[in-house]
Amino acid sequence: MDFTYTILIPLIPLFSFLIIGFLHNKLSNTVASGIGITALTASFVMSYYTAYKYFFTTEKIDGAYQKIIGYNTVWLQFTENLHIDMGTLIDPISVMMLVVVSTVSLMVHIYSTGYMKGEDGFNRFYSFLSLFSFSMFGLVVSTNIFQMYVFWELVGVSSFLLIGYYYDKPSAVAASKKAFIVTRFADMFFLIGILTVGYITDTYDFLALTDPSGSAIAQGGGILFMGMSTMTWALILIFMGGAGKSAMMPFHIWLPDAMEGPTPVSALIHAATMVVAGVYLVARLFPVYSISAPDALEVVAYVGAISSLFAAIVATTQFDIKRVLAFSTMSQIGYMITALGVSGMHGHEGVGYMASMFHLFTHAMFKALLFLGAGAVIHAVHSNLMNEMGGLRKYLPVTHITFLIATLTIAGVPPLSGFFSKDEILVAAFHHDKFIFFIQLFVAGLTAFYMFRLYFRVFWNKEPHYHHTPHDAPMSMKFPLMFLAMFSFVAGFLPFNEWITVDGKAIEIHTEWVVAIPATLFGLIGIAIAMVMYKKETAIPDKISAAFGKFYKWTFNKFYFDEIYMFVTHKIIFNIVSKSVAWFDRNVVDATMDGIGHVTEKSAEMIKGLQSGQIQKYGFVFISGAIIIAIAFILNLFY
Amino acid sequence: MDIMFYIFSTIILVFSVLTVTSRKILRAATYLLFVLIATAGLYFLLNYQFIAAIQLTLYAGGIVVLIIFSILLTSHISQSFEPVGKLKTIASGLASVAGALLTLTVLLEHEFTASTKPPVDVNMESIGLSLLSYERDGFVLPFEVISVLLLAAMIGAIVIAKKSEEKVTNQENNKSL
Amino acid sequence: MIPNIPLSYFFVVGTLMFFIGVFGFLTRRNLITILMSVELILNSVNINFVAVNRYLFPDNMHGHFFTIFIIAIAASEAAVAIAIILNIYRKFKTINVENVSEMKY
Amino acid sequence: MNILSLLVLVPVLTVAAILLAKDNKQTRLYSAVGMSIQLILSGILVYMYIQERNAGNTELMLFVKDYVWFESLNIHYAVGVDGIAVAMIALTSVIIFTGIFASWEVFNLHREFFISLIVLSTGVFGFFISLDLFTMFLFYEVAVIPMYLLIGIWGSGKKEYSAMKLTLMLMAGSALLLVGLLGIYMHSAPEGAPLTMNIMEIAKYDIPVEVQRFLFPFTFIGFGILGALFPFHTWSPDGHASAPTAVSMLHAGVLMKLGGYGAFRIAMFLLPEAANEQAWFFLLLTGGSVVYGALGAIKQKDLKYINAYSSVSHCGLILFGILMITKTAITGAIIQMISHGIMTALFFALIGMIYGRTHTRMIHEMGGLMKVIPFLGVAYVIGGLASLGLPGLSGFVAEMMIFAGSFEHADTFHRVLTIFAITAIVITAVYILRVVGILLLGPVKNKHFFELKDAKWWERLPLITLIAAIAFIGIAPFWIIELIDESLVPLMDKLLSIQ
């Protein structure tokens, strides 16, 4: 099967970026967005074609989907075996990601024509979107871990550029900086991890790395550092990189702030695609994790579980609708990460892996939908705060319906797609670790609660006084909503168990009622509580928050993570370390250098008296010197 | 004859000492004159009449007169110098004595061997020929060089001694330095 | 024509005269007296040259000519020196060497 | 005429032409023409070099010419280039070309400025083509001395102090270097054989280890001072802060690379045993200075100081890579030289242009410049992204090669040190984004800024040239690697034969 054309999927948006970027002064808004959408449509079509071709026409070997290198070229040679390649790797997860990225990206491109209309720098926005699409496509099709790092950085910078889109707004600038630096900090670990893996296994290539029977995977068991093998450490480091991008604890602080970007950006980058890169990374390296470093996988599982719990709790207290969604994203990504952490390699053990990818897919669709819906709401009321919203169902019918569908999906109400994917994750957790299972179950309830809290407060509840009557979004915005809503419906019935597994072989799944019933129940309870509390304006929320007291305050302030970070970075690193380094440089190193100059000058000052200008003194010294030297010679003192 | 050497030597040494110690400048110049004349005497003693004559005319005649002129231009005749500082005198004296002893030791210990070739007759003719000869033992090059030097010194002396017209600005410059 | 004086006697005279000149050079303050000391030094050298020429190398006239040239140089030196001294006197109103220390530092 | 000698001759002729120029307009015209010729010439050199290599010429040095200069002292005018030198020459010609345009606007003593600048570049070109220790040292001095005038006369701020400091420190480096070079010369051949100054000749003979141990610190530190080796880097912040735009560009862009290049070509290549033995110590220094420079940059307030400290960090990485003594790391270090050269030239050019408009270099007095001068703003962001190692721009390639190369060492020391150095990529991001955030983004702070004009053609030309170069190296590093790869083999063989 020839997949060489897949290299075009990332390249077309790149060209679109270059064209819009270079000509952004010259192009009209329509042309610029037209170029962007056309390019994305091309990639979209190719991605779907690839998916079709891969899943339906490619021959399976031994009942398993094969990993196919579509295109590969050496880009940067380090040593014989270590080199950065650029190419496309076609396997179930990359194909799935292509579909996800192209779908959401295309929808966002279309949506933005309406949402961003009349904004200053509209063309810039489209060029950045194209840049992001290029980077994201490049990331998902990476053939080797270093290529992934390359695009990893590029999505980071596109994210930076897009969050800081309103660059004259200080909060946006701060948020973009924060996002970039935090993820960069995590990327540093990723890089060290990559280098270590490269050192141990002498390859960066995914195929070689993840081949369960290959030599690379067997490496690194022996060398111990603090009780764990080097490979384990390397994989933990790599996971830290992934955690940074996916906003896992403790690198999550950038995600809520990233909501300063335009809403379509949040939908695309900070909900559906870039933030799941961490999940994708772990999934990509899953065989390595599973075989060479099960300890690392345990870390992955717990980080995911704790993050999802944390985010869900915080989400219940936030008032900015985008922030609620951001924490919800974090929580859902925590789910996916946990699912990977509790997964095994083969057969039914591998259900976690499948579930994780499944949830990634469905989540991308419904979370993008939620964000775009929120965007439509914000577009209508010009505010992010739910206090200034309410009763919008009358004004925004389409948005309301689609938003409701998405909310039901994320709450895990059958038969919407969220139910299936979440159920599989819970099943995986149930079989692996009961503790994690209960956390996840609780989070499922919380999710339903805070999502419906959001839904009721925005679309029901008391209607505040609107300056303008809110009206529904234009068609360009409605179409993506409806399209994604449809996806949220359908996605649950896709046969992921046949398509996406660790070893490419289909696995049997069946509904486990032990898990499914409590999960659904928890969801329904959450919805019910939310309905009681928020459908009409009541005093219950205030009472409850008062009852929780300190805990509420802590939660509301996101457990002061930002403050801790601020303290560490600004107070300690910037002020104490950096200032003292600068001081040290000026006053110790430089002063030493200056000091040498001063000593020279001072000693010159001291001996310059000898240069008295008095010829007789010179004469005296000269003659005495001559005599002394002569005597020395005569007495043979020099020999 | 020998006695003449001792007389001249005594004069030279005594008046040399007086020249460098006298506190009246004009007297010092006069003592110098005596030294120079006595030196000319030594030359006569060695039978170098030409050089003795030059010594008398140029040194005793020319230079001393020049010195006296400048003394008259710059000092009062009656003016006597302050006594020299003790430390300076002792240090310089010691250095000089040490130097003299050293040099004398070396000179007196060294065995000089005289040339065995037949002596030449030193007279005006041979001097003149040698001065303008460019062959062996000819001194035409130094002669020419010395002529240029004398010319340069003459011009230089005139230029330097001439009253400068930019005297005022010079002084200002000096202040700023 | 050589008197019965050993060569070394001339050396003694020359050396002593030289160092008397040096002594004068080091101690006198007046520029003109310093100049005179220098003349003494030059003169002492002349004596040595002439004596050596006569005693050791009567076959040539090198020492003789050296003396002549030294005298010539001494003359020009004296002329220039006195010109300089006059100039200094104009500028500093003194010819005391200790006060003329523009070359300091 | 040998093409290499032309590289030295063209600047000399340009200087002559400038001397004959009638007014400022002609002066800069002649300079621009001369340096354009130089740029074309180095382009031709690259082309010729590749042709020659493709034709199968495997000589280490190409276009070799050797004229006896002072026979008694074995001083020859010997020139020749390998791929590394060719790359450096190309870099130099790009930067001097852009530097001319960066000083396009007339100022006091315009003509003298250009003369000094071009004399400086003559020295740099001469340095890169020299094969003779003495000629190399001579050109090195030619490159260093005009710096004093350029900063002392046309600088700003504490210019006399900075110029003096810079010159004295570099002279101290030269003194050490001279000891080293003469030492190498004195031991350049076995007992009894005639001595030689020719690098290639010396390389054939193994200098006794005891001698190497003694000479290596002299040579390495001597070059290291110019390459901002900690703790001898302090001339750099002051010097750069005071220097006029083009001089900063040339100095940080090219002159500091003389240090790295020399350290590699002379210190490491001719003294391999000592290099292997003593590398650990200098690795500690340079690895430290990578992080140290970056930390120092965070809290600076003056744009030029930020960039100067950033240069300390990046140049530390150059020496760090060289000292790793693996082929990948050294390739990375050479690319880092080129990359940093272009990048920092871009930065200094931009800082000069921004300063020319806002009349301040204090970042807190500026803000929101992206809105008023978008071209310069975008260029600054691109430069910043290159500096923090964004893939697709030159910095990434260099850094990754250095880090990957460092990880080839099997021992913990090298790897722990590398991990330490890697932390600098985060710190770099912090200070770059801080500057970008304060300087370019946010609301426009001063309403006078609204009147500022964006870049003119002579400003756009150098900026676009430099950005294109950054992107070129970043996207297609394999060409540069191919250029230097073959030349590295013999050098590496000599260095690795000891291990």
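Order of writing sets the chain letters: A, B, C and D. Residues in each chain are counted from 1.
To be clear about the criterion, contacts are C-beta pairs under 8 Å (C-beta built on N, C-alpha and C of every residue); 3 or more make two chains touch, one makes a residue touch a chain.
This structure is a prediction, so every number in the text was calculated from the model and none was measured.
K.L.:
Which pair, B-C or A-D, has more C-beta contacts?
P.N.:
B-C
K.L.:
Between chain B and chain C, tell me the centre distance in angstrom, where each centre is the average of that chain's C-alpha atoms.
P.N.:
Distance between chain centres: 4 Å.
K.L.:
Averaging only over C-alpha atoms, locate the centres of chain A and chain D and give their separation in whole Å.
P.N.:
37
K.L.:
How big is the gap, in whole Å, between where the Cα atoms of chain B centre and where those of chain D centre?
P.N.:
64
K.L.:
Could you grab the centroid distance between chain C and chain D? Build each centroid from C-alpha atoms only and quote it in angstrom.
P.N.:
Centre-to-centre distance between chain C and chain D: 61 Å.
K.L.:
For chain C, what residues touch not just one other chain but two or more?
P.N.:
Answer for chain C, listing residues that touch two or more other chains: 22, 26-27, 102.
K.L.:
Touching at least two other chains at once: which residues of chain D meet that condition?
P.N.:
Not one residue in chain D touches at least two other chains.
K.L.:
Name the residues of chain A that each touch 2 or more other chains.
P.N.:
Residues 620, 623.
K.L.:
Classify the chain contact graph as line, ring, star, complete or other.
P.N.:
other
K.L.:
Mind listing the chain C positions that touch chain B in their complex?
P.N.:
These residues of chain C touch chain B: 1-5, 7-13, 15-24, 26-30, 32-33, 35-37, 39-40, 43, 46-47, 50-52, 54-62, 64-65, 67-69, 71-80, 82-87, 89-91, 95, 102.
K.L.:
Over in the complex, which chain B residues touch chain A? Could you list them?
P.N.:
Those in contact with chain A are residues 91-92, 95-96, 98-99, 102, 106.
K.L.:
For a test of understanding, state which residues of chain A touch chain C in their complex under the given definition.
P.N.:
Residues in contact with chain C: 608, 611-616, 619-620, 623.
K.L.:
Would you tell me which residues of chain A are touching chain D in their complex?
P.N.:
74-79, 82, 84, 146, 149-151, 153-154, 157, 160, 164, 167-170, 173-174, 177, 180-181, 184-185, 188, 191-192, 195-196, 198-199, 569, 573-575, 577-579, 581-582, 585, 589-590, 592-594, 597
K.L.:
Would you mind writing out the residues of chain C in touch with chain A in their complex?
P.N.:
22, 25-27, 34, 97-98, 100-105
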